[in-house]
Each structure stands twice: as structure tokens, then as C-alpha cells.
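Take a look at the structure set out below.
Just so it is clear, A, B, C and D label the chains in written order, and each chain counts residues from 1 on its own.
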Amino acid sequence: MAEAVAARAEKAVPRAPVLRGRHDFPEISGRISAIVLQGRLPRFFWAAFFVCFAFVLLFLYSITYLISVGVGAYGINIPVAWGTMISSFVWWIGIGHAGTLISAVLLLLRQPWRASINRFAEAMTLFAVAMAGLYPILHLGRPWFFYWLLPLPNTHMHWPQWRSPLVWDFAAIATYATVSLLFWYMGLLPDLGVLRDRAKSRPAQLFYGILALGWRGSAFHWARYRTVYFLMAALATPLVVSVHSIVALDFTFAITPGYHSTIFPPYFVAGALLSGFAMVLTIAIPLRWAFAVEDLITLRHMENAAKLMIAAGMIVIYGYASEAFFAWYSGQPYERAMMAQRAVGPYAPLFWIMLFCNCIVLQLLWLRSVRLNMPILFSIALIINVGMWLERYVIVVTGPSRDYLPSSWGEQSLTWLDFGILFGSLGTFFALVFLFIRILPAITIFEVEELIEEKSGAA
Amino acid sequence: MSVIADIKPFPAADLAALRRAATGREPWRSLDELADTAEFRRFVEEEFPAIAERLPLSLDRRTLLKLMGASLSLAGLTACSEAERIVPYVHQPENVVPGKPLYYATALSSDGYGIGAVVESHEGRPTKVEGNPDHPASRGATDAIMQAAVLSLFDPERSRTPLKQGEPASYGDFLKDMAKLAGGLAASGGQGLALLIEATTSPTTKAQIGSLKQRYPRLRVYRHDPLAASANEQATAKLFGRPLTPIYHFDRADVVVSFDADFLGEEPGRLAYARDFARRRRVRQSTDTMSRLYVVESTPTITGAAADHRGAVKPSAVEGVAVAIKAALEGGLHAASLSPPSLEWTHALVDDLRIAGRNALVVPGPHQTPFVHALAFAMNARLGAVGNTLDFIEPPDAMPIDGDLAALCQAITTGSVDSAMVLGPNPLRTAPSDLDVRKAFSKLELLVHWGLYRDETAFLAQWHIPAAHELENWSDIRAYDGTVSIVQPLIQPLFGGKSLPQLLAVLGGEFNADMQALVRATWAAMDEAGWRKALRDGVVPNSASAPVAVSMPADIGAPKPHASVADRLEVRFVADPWLRDGRNANSPWLQELPRPLSKLVWGNAAVVSPATAQRLGLENGQVVNLGRGGKDIDAPVWIMPGQPDDTVTLSLGFGRKIGSVAALAGGYDGFALRTTDAPWFADSLMLTARDSSARVVTTQHHQAMEGRAIVRYATLDAFRQNPHFVREGVPPAPTESLYPDWKYDQEAWGMSIDLSACIGCMACVSACQAENNIATVGPDEAALGHEMHWLRIDRYYAGAVDDPDILFQPVPCMHCEKAPCEVVCPVNATIHTHDGLNAQVYNRCIGTRYCSQNCPYKVRRFNFLEYQEFDKDSAGPQQAVHNPDVTVRSRGVMEKCSYCVQRIVEKRIRAQIENREIADGEVVTACQQACPTQAITFGDLNRKGSGVAREKAAPHNYALLEELNTRPRTTYLGKITNPNGLIAGKPGTETGNG
Amino acid sequence: MSLHGVIAAFADPNALTQAARAMRDKGYRRMDAFSPFEVRGLAEILGMPRTRLPWTVLGGGIAGGLLVYALILYSVEIDYPVNVGGRPLHSWPPFTVIAFEAAILGAALAGFVGMLRANGLPRYYHPVFNAKTFTYAQGGKFYLLVEAADPRYRKGVTKGQLTRLGAETVEEVEA
Amino acid sequence: MQIGEGMPQVFSSNANGIARFVLWGLCFFAIFVAIGGTALLRSGFITGVGRPVAQAVPFSHKHHVGDIGLDCRYCHNGVETSASAGLPPTEVCMTCHSQIFTNADMLAPVRASLASGQPLQWQRVNSVPDFVYFNHSIHIAKGVACETCHGDVDDMPLMHRAHSLSMEWCLGCHRDPGPNLRPPQDVFLLHWKPPQDIEEVRGSLISILDIHPETMTDCYVCHR
């Protein structure tokens, strides 16, 4: 089976190969673990890291300010009582999807090209979910009571209100975070073994050794490991879909015009993939160049990611279209008015920029030349990231700002805090990515070796 | 915080213990049983040590917000905190049971006229003003300003001590100086002394001034009240030989014509008038009849909004219209008809008047010319209305007056007056701009000022004496119809203020006269029992003035010819509905209460019509420079549909920077352009647009209904053809739900709001704020859309923009049976109760704001920041105004209309103790109680024949957005108007659904 | 000091697989193999029974789901029934959403813990690490370990057999 | 590098034992924290049950109620009519103490209070948060006795909490008031001995007093 795939991979000219050049096992494990163990990282790496760290500080400051002064400090009001905290939350969750999708779904589909990018894609997922997890708490008027969403044995005899999508959210995010963590850690186990054995310094040996749980590559272990890893992938896949569907239900469940729409779940999932893969590219393109691993993370990976982006993107575009169509077709004056206001109302500029980013720019990816041109691909990825954030913001604010009673129509105006928190979390996210690259193997050693084995086996 | 830091902690007769719910309304009793005991005084000190301190005038904004809404009770951590202190009385005053409020009848002054009130007092702490049902001017209703009286009582910036040359001095020293003065006066017969009073109807004051004048023959008394209008006095004096005051009986009027008279919003009798007017417009079935109201007005008012036919004309044109109508009435209308209004309009109106005959009523606007009054009275006389819908009485506010402010200044400059006592008014601020009061007053050898605040005049005065607040005061006051009420104190003067009678007594040589004794003396004829009854009931029986018979002279004179300069703008001055002449400028409740039509808060604007704005290329908020008579001001523009073209309406009362709350507000000072000759309107206003713009804060940004069936309205004829017009052309209400119906087998609380009755006066909103401890947020927060009112009155325009229908719709929480807000709350913070209330549990709320997102009516309000201070020690004196039966909400918590659940619970507990059902009408919500037109009905839907059940049975009962199937418990009765079919083109002559 | 067994290093997976099969045919039972990545089929050759981990995962899922649904049901029906927006007490559609998430969580945890248990991890000290020749990390080497406890184990003989099967190195491992 | 150069055995032979110990330890610790926390919330540490509160005047309910046998209402006279039971004004203390113990030191503050008119300051013992609205009169009227919530005050030299007054505790009775009911005339009795037929009595009380437990757990019953 696997051989067959690999063979196909070979046959498929002009497709770029999954790996370029001939490799052998020691060379691979050496090169990859060297990034971590020798820790000889280029100067720009640290430069970039400290830039991010500045944003981490901004993040901390903003959060402190928000909690001590109150949510009134950022741009929410009545009627638009939700703002960037929610849109950024949805955006981060979206980004958190590509990782699991790549590793889980592609694993189930036995896609060999997954191997060299799944590790950092999963890491990206974890960090994105961590960021996303913060937002709902920062969103609260009384953040210190967020644990009331949990069924705890308390003295006021109260339970969560299970019918509220926010509670589903809580369950979904918590589950998703845990499962992604387990999945990621399981994937790491064998490589941690490698690092343990390759580590020279005692602390490093202990650090990786403890994490490796004494992994020694026994055949029996491998067999069970494989079984569970596949099962987890099988679990993660429906989970991914459910998580973003539930996030979409936060809106769908409400009767507010612009929220109340059945198309949301699928189209949010697609949107998640779009933004997720955009973020994968945003990270992978600099990474492969910086660490000179173009031969491991090849153009093939980039191209496939781009193709998936356009696939997801087209679904999203369909989502936009059907949203508008059904607003009109429903004949509901409220839906119609809201949709019209979206196009011409106070938030129209954001709406049109969003359409430009997610619909027009996306089309470039049809061109192979574009898909294979890293600078352009990179900038497209960035543009789509922006577009997807705007999409979420437009959805969050336009509905309530133009809902049922014109007397209470109104807009919210963003403050520095909205941006402080958004960019702060971006900085924190990338800082975490940098740390991860520094202390853990960003490329799965054992799977790459497996690939080589399969290649040589097929040859 | 520094301000409050130095305030002692609250030992207080333990607010925590005494805070709890009250059980029931005691018969109102006179406070003297209690008020004057030393215990009481000490008790007050115990309770409000903060009040004894002196606050600096400069407060930073956060402190200010806290002061504005500081609280007695904290929703929060006390749960796990250590034991708090609790303090009993030393001698418990009889009839005070801690935890049970007492109710006292008194009267509050509105432009000098009394409106009866019943004030709720918790352990000697006045917390809420209600109307006095036995009082003719109140009939149980209140207006927005009365509600705010309790807040101004505790205003930390009230004047706290006598000042001599601006330095704190003792009242004793003042008395010494006065003794000297009095000595001199006795010799000179009052030579050189002048009193300046404001409009008042107090018999005691009148008597005291009378006796002073006997004692000092040369004493001069002047009156200055910037909001008093003299036209009626002049007109009646000319017509009948002596000044008389008209009072109207709208309950008898079939057809009412108003010449620029805002009798629902401005006149001293407005609450009674509104009640009578609404009674004639109560339609429940097709056989019911309605009165008809024509309004010709020079700036949009709530009276105009209530009109069936409204003509907007320049202020100066009203006279012309009146002339034309009178001519038509006498059959002599020549083609010299004016437009607007059109000839046909005039004829239709006149026909109506003729048909109505003695049941017609023509009301002249107090601000209009004496001739307009003459015309109006003549028409009434001709129609036979005098004695039926219109009565004349002796002016309740008649005082032995020697002249007005101008005369005083004149006297000062000529040197015939060298010392003056300014008792109440603040001439330095409210004088016409062509009168240099400062110059005149600085000539005085002695200037004594008596007032609530250390205002502009006080700064100039040698002596400033703090006045007692009307809730600290013994006095008496007449209502619009002459009925006398005794004003009794709810609390001993917090800052040692003195009453007006006391000051007058000082002049008379009584240096430590007792407040009560002075008033009692006026009513010496009354025996003790009668006195107590008068205090208990809040009215002196049979004290209303009897109507006097008048004979209308044939010749009513001719209009004063005035050359109106065609190409110039006219200016119309109106008092701000809440701040009046600026006396209430330091009240955050009133500053933040949206103006009925513009919905502006924390500032005023120059109002222009859309057409004029277009002609001059103006837009909302754009700053314009307005010049007149050499003076000029900058003001932001506000474009208001229904405003007559080429007329700029300026309001008085803003632009005042003394007092830190007032300083927060924006707006301009309208007095700057006001002159002696033209106090209410004038022409030749110069307007130059500037290219800057100023912030104008409004609580409603969108004015049209977007073709949605929100306010459903129809004409009386349309209603008769189809009583169910509210169902016309709207999506049918869903009849079934996916979810099983819940049983509400005990009470099922519900509310019905009659849109025909609602006149948009905002009393309900103010009452709601007072009852439910609703925070004020200040202009900056309000501008962000963070205002907190639980109940709002939406104002929509329909029809032509130059002559629109103006529709009001009060929107409280709908208490939906299928509440969208509840399902989405993740922590059960808002859930349903067995009697169908949509309960909001503040202490459970974590502030996801999902409920607000999912509320189609957007009635939920959120504490975006910490608007109220919880720490009893650091919260300012104004925490004393809080209703102890309602939790004060913390930052980050959602809140909304609770149907005044604290009142429901109070009544239920009472009923359960007595082991009976809650009677219909026993539970009254704050908004319902305040409403002058009884537009709001509340009660138990399960009870057969309950008031609310009957209202909801009316054919034109409908629920807002009922197609959403949220099953609201609050429903509306569609608005029914009664326009004259002969007048075409009036929007609303067909049924309208937005 | 006691002997744990002998470990032989082979150049590539196939060599290892053949060697393992051969030794198995020779009747060795207590063997283990080590490789930097999974060598398919090796475990079966070494006689590993079919793993029951899938059942563990399924069990975890069902347990998680049912438990949470039961909790919800108890809270809304028995412990504190309240009228929320006029919805029925037992609103199953929303409840299933949460139960589903819980099921996934249960399954994943069960799988992970089950895998560790079945593999006897964590096991930080293991004799095989004593072997000079053994290193998991290098990659490129594939090891077969025959335990001294194996009844067929004969010091010299076993070593010889392994060498004959093409082992690059054969070394004794201390326990 | 050559095979075997690496010395892979990182951990000593007892590492496995330690690992196992740590893992199990963590599990048990988690369980312990969960159970402990739940218990702690309800313990006297948090609720203050049974902890006497020092007072400026060491007033003894044991003496006044237990020994002398004063009726609760002698001092707490608002209890039947008002939300708050009320505290005795100083003059009430002095009705007796102007006759007896007239110059006992411990009563000095009381005399001082009467003289100066400055109220006595007590430490609140049975307090609920400010967002909880408790009404004494309705409980008295519906046959919930003083001792049901306040315990045997005649055994309290210094006042202390008899119950946690937590929402859990309140709800316990609001969900099923029956067991805590007694004929309203008996509510002021301490150590009340229920009659034999108490069950029927309670049953009938529920209907006679028109008590609706299903409505007594509505939020606004306590929170407004």
C-alpha cells in the first residue's frame, strides 16, 4: 500500500517530489535534531523572536488593562455587544484547524507528503487553540468567574445552562485542545527518544529523556503505537469538523439577522481550512528557507497546501453567495435590510475588502506558476489571513448593528485595546512557534525516515 | 478617590440590616411626629457622615461617576467577607420599624407652582418620589424632574455653609449683620433695600412680604424668573381689567386648538392636563369617541406630537394664523389667508370648532404675544367655552411686586437701591443679555444671596446663605388651580440650609424662627386636626381658587405691528425640558435623560428644519455661529423634522460650568442671545456656518421605521372600519411553537402600553431610573452607546419630513415567554420564574452579553465599566438615594427591566402573610405609577377582568415583532389618531404600519 | 552480574525481518526487535497477539458520552429544573452536542493511556540501553534482542545463529 | 560517529519506580484536591459556623434567653412585621440595666451610648451577601422557627452562626419546606418538641398556609 503511494509519488511528473535528493537515516535524524541540540540558530531567528516578545509584553499589558478597567475599554456597546474578542476567537480557532487536518486526515488518506510538515502544523494548531481559548475569557464582563461554565460541585447549587452554544463551545474547545495535545505528544514520542539519545549534555538528556518516557523503538511498541495513532487520527477528524461547526452555531443559534443562517457550519469549517492553510504557508515558507530544509519541505507541500486553499476558498465563496441569496430569497425584511446594510452601511468598506481578499486574490492560486512562486504565495497567504479575520468581524458586528428595531441601530468603534490584544496574541503565537522550533524537532524524524525507506524499498 | 477618601466609614444604622424589603404602604403621616426629634437628627448624622464633610468643587471624572451613582449595597464579595458592623438606634423613634419604608405627602415646586408628591423614606432617607393621587396637579403622576428631586437632595456640591465674602462664616454672624441692617431699616422704613424673588405661589411668602412691606414702607420687591411669561397677565389685565389665570378642562373639550401652547409639557398644570387629555382619547371599541387636537406651533413639542393636525409656522406667524382663524370663525375670512396652514385647513378647523361649540377649547401659548391670548380668549368666549372648558381664576402666583429685574437694575443705577437680597434666582446667569446685572449689582453696598448652590450670583454676594432643599423645607405652595399644599420636610436640612420664610423672618426681626412655626402661622386659622390632615393628605381642603366670571369686551385690540425681516432667520427660545433655566444642571439623572423629541443627552443644540439645513448646507453636529444684537454664540446644529423653516430653536439651561456634573455637559448658553424685548422669540438672527463640528450625544440614531410594523397606528375612522387594523398587512403571528407550552397556573404578570395615550414625556424613564438604582454613565460613555436606561422611549418619524407624524413607543423588557435571551445564557443567569417573569440574576451573570446579542428588542443594558461605587465607605453621599430593595449592579453584569420585581415581591409577601391573593392593581410598576396619562397597565393576566387582561382584550392589542414568536408579556395598543377627514394629505389618515 | 540477553544489529529492515523470522522458526519465543520506525509485520513475526486497544478506545468513548449525558439529564430533570426560555427540560439536541464532544475526549484519553499501559511505558531504565552497540537514535540500524530467559537460549549457540543470519554486531546485554 | 559511542542508558535502574510513584501520586493528589476543596467550601472555615464573634458588649443570649427567658421579640421586635428582625435600641437594654447591674463594667459601653447618643456597634453574626434579600416576617408567618436558622441561641454565651446560610442550605428548605415547618404560634419556642402527629400537621400546614414550594426556588425570591 504505502509503497504504491510512494511509487505514485515518483511517477507523478511534473509533480514536485515529496523529498528531493537521496537521504539516509543518520543524515536525516542528525540534521533535524541538530537544529534543536546544537541550537545553532541564525541571528535573525533571535531578532524575530525578540520582536515577537515585545508583542507578548503588549499582550500582557492589554490583558491587565482590560481586566482591571473592564470590557467597556474596548469597542463594544449596545446594540453591538460582541466585537473583536469574538471575531479573533473564531479566527484563531479556524487557524487551529489546518494542523489537525493535515496530520489526521492526510494520515488516514495515507498521504506521504504529510510527513515533513505535520509536526509544526500540529504545533501551530496547539498554539492557535491556546490563543483562541483566551479570547472567550477576555470577552467576559467578569472573567474571574469563567469557571462557572463548568459543572463544579458549588455551594450555590448551580449548573451550566447546557442549551447555550457557549457551553458547547467550552466543551468543544477543551476537548479539541486536549486531543490535539495528546495527538501531538504521541507523534513526538519516538523523536523525543532520538533527541534523548543524541543529546550530549546531561540536562538535555534528562529533559528529553523524561519526555520520551523511555521509548526504545521496540517492535511491539511500534505496532500498538501505530494502531492508537490511527484511531486518534480517526477521532480527530470528526472532532475538527464538530468544533468549528459548534463555533458557527454560536451565531446560527441566535435569531439576530445575519447570525441566523443554516449555511454557517459547513462554511465556517471551510473558512477554517482556508485560513488554517494560509497560516501553514505563512509559517512554512520562511521556515524551510531559513533552515535550508527545502529538500524536506518541498514545493510539493507548498503546492498541495495552495490547492487545498483554493478548494476551501471556493466553498467559502459559495457560502457568501448563498448567505446573500437566502437573505433575499427568504423575503424576510430584516435579513434583507441587514444584507443591504452590509454592502452599503457603515461597515461596507470592511465587507468589500474582505471580498477582495478572500474571493479575488484567492483566484490567483489557480495558476501553477503562482503556487510555485514562494514570495507571491507567501503574500497571498498573508492577504487571506487578513481577509478571513475581516470575514469574522463583519459577521459579528453587522447583524446586531442593524437588527430588528431601527431605534436601536448603532455601530461600535474600535479602540487601541482591540488591536493591542489582537496583535499581542499574534506576537505570542509566533513567539511560541519560535520556542517550539528551538526545543522540539519541527520535522517528524521517524516518518521522514519511513519515507526514505519506502522510497528505497520502491526503488 | 481622594475626594472620598477623607469621608468617615458608614457606621450607619446599619444599612445592611435596614436595607431589606419594605412591607407595604403606611398611611402617610406628618413628619413632625418624627422629624424634629434629636434622635432623628443624630440618626441622620450616623447614616450620612459623608454629608457633613465638605467636598471640593473639582472632581475628577471617575470620582464623579461614582458620586453620581454610588451605592448602598454591594452585589458581591460580602458573602465570604468577615462580619460587618451593625448599629441599632439609641432611642428608636416610634413608628419607625427598620426595614419598612414610610411615606410622606408633600409638594414639589415646578416654576413656582406646586405638584403634589408622596415621598418614600427608608429610615429617614428619602429615596423615591411618587405623585399624590389626592393632589389636583399630580393625580398620582409625576414628571421627570420631580423624580430627580431625591438626587439633588443628596448632591454633594450643594452649598454647605454660609459664606461671607466667599469665606465660610457662621449663620450667627449673618444674623448679627442682619440685625444691624434691620436696625437701619426700621429707621429708614426700608429705604434702599430690595428683595429679588423668583416666581412663587407660597401664601406664607406672600403674607411675609406683605407684613415686611407694612413694616418697611419703602422696601421694594422685585421678581425675576427667566421662565415666567407675562403675555397672559398683560392680555387678561387688558381684557378683564385685572390679571387672571386661565385653567383648562381638556376632559370636557371635543376640539382643542393650541396656538403654540405646549400644555402637555410646559404648563404648571401639565400632569392634570395630560390626564384629562388622554381620558378623551381612550379608544377600546368602535363606539368610543375621541377629542381632536389641532396644534399650530413654532417648534416641535410633545403636544405637537400628540396632535391630530399639526401646523409648524414661524413663531411670529402664529399670531397671523390666530387672526385668520378668528376671522374665519366670525365668518369674515378673506382671501388674505396664510399658508401654512392652508385655507382648507383653516376652514375645516373652524367647522370643527363651530360643531364643538362650548366643548371647543382654544389654548394660547404662554410664550406668544398678549394679542394671541386675547384672540384665543375671544374665540373661546364666542364659542361659549368660557366656564366650560376654560375657567379664569385669580393668579395663584400673584405677589406684591414692584417690578422685574430690569427695574431693579434701574433702581440700583439711580441709587434708590443700595442693598439687595436675592432669594432664589440667579440673575447673573439668567438675565437677558442686554441687561448688565453684574455691573449693576457690583454697585450694591450689600448683596445677600440665598440659594441651593454657590452660583454666579453667590460669588458676587457679600453673604451667601445655603437654602434648604424642598425635601428639607417647611413651606406651602399653590397648584396651577390654586390648591394649597403644605410642604413638609422628609429630612432635617443636611447642610444646615435655611428656608425662604426663615430668611424673610430674619428681615422682620425674628432671628431664630422655627421653619414649621412660620408656615403654621400662615394657617393659624386651621385647627390642629385640620393641620395634621392637611399634612397627611398633602392638600389643604377646598383651597382651590374659585373661577371668576369674566365678560369679554367686544374690542380686543389689534396686533402690535412688527416688521418681520423676511430673509432673516427667526429664533425661538425654549427652556430645556429637564434643566429648565439651568437650576437642574448638576443632576446627572436629568442630564442623561433623553430629550423627548431630539433624544439628546448631556448637551443642547440649535434646532433647524431639514429644508433650512439643506438650504444652508448644514448637517447634524456642525457648528454654527449665531448672532443677535451684538452678541453671538457657537452651537452645534440639530436637524429636526417638523421644525418650521427659517426658524432656529435655542434652549436655555445649558452651557453652565458651575457644578462638576454640569461641567461635564456640552452645549451652549441660550441666555446669551436673549433680550428683554424678545424673551421667547425674535427675528433677525444671523447664522454663519463654521467648518468645525461638535459632539452631540443622542441615544437614538435612526429615526424611521424602515417599513416595519413597529408602531402600528390608524385613524379613528380606520379603526371603526377595522378594529383589528394592527393585523393588517403584517405577517400573521405564529400560533404554535415547536416547544411545549409551560403552565403559569399562579399569577402571570403582563403589561399593556397604550400608544394612543403615550405623550413621550419621559416621566416613566426617570421613575424607572430612580426606582431601580440605574447608573448614569456620563457623556463620554453615553456617546459610545453605553447608557443604562432599562426603559427607553423610541421616537419615530413617519410621513413627510417637513410635517411628519411623530410616534412614541416606550420599550421595556418584553418578558417573552419564549425568551431568546435565556436559551443562550451559559450560566443560567437569566431564566423564567413560575409567574412568567424573565428574571435577571446579577450575581450569577458573568457578562457574555450573548443575551443582548440575541434580544430582538435590544432592551438589555450592560455595565461596561464600574459605573457605581460599592464600597459604602468610599461611595459618595448620593449613595443615600439608592433604593435598598434593589441590588446595585457591579461592573461586567447585564441588567434589564425586571417589571419592578422588588415591588411584586413586596406585595406578594404582604399578601402571603395575610394569606390572601394579590389584588388587581396592587402591584404598580414605577413607570406605570409615574405616567401622567395612565398609558401603562400592569397586572395578572390569569386574573379574570384584571385591568391588564381587559387592555389586552382590546382589538388593537399587538405584540412587538410578534412574528418572531417570542410570546412577549408586554404588548401594545395600536396608536389611534382622530384627524379631520376634510383635511387631505395628512399622513396617518390611512392605517399605517410604519 | 546477570545477563539480559544478546542483541544483534542488522543493516536494514529486511535483514532484521528475515533474522527475526529465522530465529522464531528456531523456536525462540522471548525476543524483541528495535527500529527507528515501524517495520511492518515484525511484531506479528515476533508473536505479538492481536491488540485489544481499539476496544479500549471504543469503551472510553461510550463511557465519556454516557457519563456526561447522564450528568446533564440529572442536572436539568432532577437537581434544579428551571424554565429556560420556555424550552423543555430535556432538550436533547443541545445535550447530544456536548455528549459527543465528551465521547471524543473519553476515547482519546482511553487510547493514549491504554497505549502507554500496554507498552509498559513510562519505562526509563531498560537493560537494552546497556548494550554498547545499541542506539535507537542513530537510525539506520535494526536490532534483534534474544532474552537470556528464553528456554532455547544458549550462550554461544544463539550468538552464532545471529551472526550467521547476517548481524553486523552481536553483543551481550547485561540486565 | 560510530555506533556504540553513545551511552544510551540515561536513567538509573530505580527511575522506573520513581516514575510510577510520581504518576500515581499525581492521580491521588488530584482526587484529594477535588474532594478536599468540595468539603472545605462547606466547612466552618469558610462559612464561620460555630465561630463565636467578639462583641464590644459581651452580650450573652445564653443568659438572657436561656436563664432569664426573654422572648426573642422583646429585643428583635421587627421580626413579625418587617424584613429585618431589628436590633434593640440602647434604651431597651437600659429598661432593665438602669435597675440591675447598673454599674457593671461590661455594661459601660451601653451606658455611654445612652449618655452620648452614639449607637452601640455590634458585629453582624448571621449575615447574607448584600445581593440576597431575606425577609424575616414571611418566614415567621409561614411557621419557620427562629431556631431553625439561628440554632439554640440559649446555648450561646456569645452569638455564633448555627448554619452556613449558603445558597445550598437555603435551597434545602425552599425545595422541601415541610420538615422545617411548625405551627406558627410555636415559632418562637426553643427546643420545640414536635407532637406525635407532626407529619400530618406539616402536611396540613403546607395547604393551610398556602405554601408553594415549586415557586420558592425562583431567583427573585432572594435576588432582586
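FYI, contacts are C-beta pairs under 8 Å (C-beta built on N, C-alpha and C of every residue); 3 or more make two chains touch, one makes a residue touch a chain.
The structure displayed is predicted, hence computed values, not measured ones.
The chain pair with the larger count of C-beta pairs in contact, out of B-C and A-B, is A-B.
Closest to the protein's overall CA centre, chain by chain, comes B. The distance from the centre of subunit B to the centre of subunit C, with each centre set as the mean of the Cα atoms, comes to 80 Å. Between subunit C and subunit D the centroid-to-centroid distance comes to 56 Å (mean Cα coordinates, whole Å). Subunit B and subunit D have CA centres that are 47 Å apart.
Of all residues in subunit A, those touching 2 or more other chains are 156-159, 161, 163, 167, 196-198, 209, 214, listed in ascending order.
The multi-chain contact residues of subunit B, meaning those touching 2 or more other chains, are 820, 822-823, 825, 828, 831, 833-834, 844.
For subunit C, the set of residues that touch two or more other chains comprises 80, 82, 84-85, 87, 122-125, 129, 135-138. Looking at the complex, you find that subunit D touches subunit B at residues 46, 48, 53, 77-78, 81-84, 86-92, 113-114, 117-125, 127-131, 133-135, 137-138, 141-142, 209-210, 212, 214-215, 218-221, 223-224. Listing the residues of subunit D that touch subunit C in their complex gives 3-4, 6, 8-16, 19, 23, 217. Residues 6, 8, 10-11, 16, 38, 41-42, 164, 166-168, 171 of subunit D touch subunit A in their complex. On the side of subunit C, the complex with subunit B involves touching residues 82-88. Of all the residues in subunit A, the ones that touch subunit B in their complex are 69-73, 76-82, 139-143, 145-146, 148-149, 156, 158-161, 163-167, 170, 250, 253-256, 259, 333-334, 337, 400, 403-410, 412-413.
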